[in-house]
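The structure appears below as structure tokens.
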């Protein structure tokens, strides 16, 4: 049994890590921290854990040594605490953005501040198993990935890696639910204002662009045009990517590279049907699951390929992917604890 | 042209008053206050007013004399400012709860504090025209009514007034959207927490009970059992009331008293169809309108009558009713400025 | 391993049974029928089962003998097929309404037609383990319960059984999501018409009333006043029940009987908090779970007790409860396969 | 007073035309047809018209001569009936797709069938006043525009017309609510399936592409890459368009061309704020209004310009634009009957 702790467990990512880990058969959740909720039962914040777990939040200062520590802190916090936290556990899985980028200067460019622990950047592995499985095996420092970045990268990787694109230019339009903005109430998330909205909150300049460029750089970095729109949903991401195929590349060729890359991936499903109403990926049926569903359609009138990728931002886009990475790092079957298939209808 | 001002115009009720009054053909909106937004255009808070109005918020201290002043302040504020505000306008229409109840002790009981200006309570008229039209004509001090109270009272009044009930006992189950809780972000209104909820926020003890008892007291006060549930909606109230009819009273008798009371009311519609999907009142098609739709069904297996009443909490439940009262008070045609019929589908 | 089949597996209840049973460690799903989808993969109808199961729908005529057969047919069908279906499996679990009522005449009263197989009514056990666990052990014919009935009955049972009510009169206001109406498109479920609705679809005369009376009859049958309102949600039921306590009965006495009845129940949680935003039961956090959350509040101004009960209509209100009953009937640990704790936020 | 009739008035576009025209001060709605609802009150289908209008649906065969006839028939019907309908009214406003394209062969390409009345294509004016105001004045045959096309074209026109684009390539990602799919229930619009969906229903090949190309062809036709995604909303369109600016073109230049084109347009608002939560166009606050809100943001890291355009698909995207065109055609003030400013919050 792995002894696991969650730091910053009162947030949405922390809560989702708790939900998954509490039912993980090879894990014992021994501690969960929240400075403001210390002393209270987990279910006072995460009502789904009522009767599921009788732990109480503790303070970070009271953390005991453990095997695996999930860091679910606000962005900017883990980089300031990493030196002390490193000693607490054999494996650290950081779900914030603090160690996703390899180059310190990218933090200046995209996050607007210098990195507090740049010497760690090289030591962290970008913990998406579909991208870096071999490096994750046995890794001690693992970072999660951005939810929009994960969908974008997984959707496009086969095309880029296999050189099917005509030009190194990618346009990504991401739609995302409200939980991705975290658990802090503000006017933009106040229900009467947020409900039913289709809000262009980041037409340009979204930070996940940096991750996408980093992970899709096979040889030269691609030019990534990224836009993000908040839609009516609590959970869920759909990225719609537009790329242009080389002359002569047809859908069957595209099928081929997706099958080559993902044919044996347990959490990736190619969704592309001729009929029915779920012909392409849709995030709503992925709520609670670790799947990333991917589909594509070539424009019969040209060389454009539209790639759609869907996931649950709190699972495959955060805590679920973290558990998957933990499984890989610790030598457990990769799908352990992540078998929930999702609901329909929902 | 009536010169009108709105105090507390940055809130949802104030914004709705603005929307209606800006298109009211007999009104000139000359001022709108917001302490925290003074100096900013109205549309920075109410985006629907962009290009509709070029006024800026002012401070309350800068109010100029006017004909009608709408008070849209948080509960508890108007009673502290009433003495100064009274001098500003010929007619004051308070949309808070501060002057709805006639007896000062009811504020202690239901609002938990003594009233700051009890000498005003007798001077205000409870401004629902369907209840007190004659007293509103020429009135100088008018109070709005609670949104849930308005639906409850209008739904039940004909039955109580005409003595059709077997016992003075009324059970009301009210469902209400998120805008009724105001414009201040908090955890309970944070979109991920509030979205899709069916939340029993006040199973007992809701303050509107006091208004309902007050307005339905013909002779003895009825016993009112009231519960309130927040549902997924931004606007909208549906009250489902359960009462018991005297022996021998049938649906046709019920029809008769509703027609007698409401046959000529411009904003009350009896909705009771044998077929179709909108057989009974539904708040969603009332968004933006001043209608209160009322329907009823007698249980064929007993004497229970179920009465449903729907309205838009910000319109007939607040600002719209206030404008209707202003029309009555000032001798204008009652429906002026309130003709929006609502959308379908929506 | 129990060999299990699902008849009528293309509907929402059948799909949910599939979802749960496919992950049940003591079950092998060997067959699933759908006349109109025979030959197609399950995931063509239930997209959440993609990559989870590679079975195809078969016709009912092609059913092979098995240990347990779940019947998820439209109401009225199982009673016509029961004689042939009985032979297919050792245990039959019918999730329709066809065998829920003990008295044939109740079908005439509430369903408007005579029963086709009245001799079976006595042989079926009303399969809610919290109500009839002992009779379910070893039972061969088990019926599910109505979703609204389950919430109503579980919410009220302790009060009725322990004689805490002042009068045998119960008023239940049920709110329910759209999936309870089944998978057949019609105008009332067309998204533009159904979205955001608060629709009094059955103010009186709801069929589940019959089940509630039947199961809450300890000595004399109670008078049950039942109303049902469709709200904006896909899954979820909240019943708000209003009863009157005997003189002197206080909340602590109510706590006592709920603890006595449900203290060891794995799927019932008493939810009653002084603070936080999930103080009372809420269906949204129960989506996909087999919990029935129950809470109550006594009106400090009288003897009314408001009882709230929430569940997922497709799980504890249908397929999940069926699997729980199967576990009991077949001697498996009662919670097997039903451990999903639900999501937050959602 | 213009005597106006609506053909196909039971659909969503027809209902919206009714809502607007019934409150239009220069219009008398004298007839509304629906073959399947003939003889029934309008409000049996459009519940918002209860007490607003006491007309009944008639059959098309019973149409009387009138001044203006709105055709709100399913696509493909108007082209078969145009020869007879032309005689009924002085002005015909067709809100279907049947006369939007100028070239008959485009119907073969995009709609998959030959046109039934190709001789009419040249006689119809594409009735978006912001595009063709002069031709609409006095026109007798006017066609509406596609809702997604209207938003796309209005959003991009100033850039294309003023030659600000580096390449004739435009990528448009459109999000749209469920009412755009019409009023016929089907599985894809069944509430449990459609609710909360983010559905790529037309990644390529959407028919509105043809209109966009047609109307944005100044000199050479642009290459338009169009994708459409259905989102959780009943009403509302947001198009997010991506184009690339010529070297040296900055946001201030973009401002200039938008102001030049739209500075005096009554129904176009440029929405581009530095702060607040409605910084860019959002469809939800446009429900019921005839506005098309447009905003843009230049990527500081390159030459991409993201253009966002929002409207209500049933108003500016259909019936409202039709009424606006009627006003222009008949010499009425252009905004008559279209003054509803929209709701906030909503």
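Of note:
Letters A, B, C and D mark the chains as written, and numbering starts fresh at 1 in each.
One rule holds in what follows: a contact is a pair of C-beta atoms (placed from the backbone, for glycine too) under 8 Å apart; a residue touches a chain by one contact, two chains touch by 3 or more.
For clarity, every value in this text was computed on a predicted model and none was experimentally measured.
Distance between Cα centroids is largest for the pairing of chain B with A. Of the two chain pairs shown, A-D and A-C, the one joined by more C-beta contacts is A-D. The distance from the centre of chain A to the centre of chain C, each centre being the mean of the chain's C-alpha atoms, comes to 35 Å.
Centres computed as Cα averages put chain A at a distance of 45 Å from chain B.
Residue positions of chain A with contacts to 2 or more other chains are 12, 179, 183, 187, 192, 195-196, 234, 282, 345-346.
For chain C in complex with chain D, the residues that touch the partner chain are 12, 177-179, 183-187, 189-192, 194-196, 234.
Across the complex, chain B meets chain C through its residues 171, 173, 175, 187-188, 192-193, 196-200, 203-205, 223, 225, 227, 229, 231-233, 236, 238, 240, 242, 277, 279-284, 295, 297-302, 304, 306, 308, 310, 345-346. Put simply, chain B touches chain D in their complex at residues 12, 15, 19, 22-23, 44, 46-52, 179, 183, 234-235, 269, 271, 273, 276, 278, 282, 285, 287-289, 291, 339-346.
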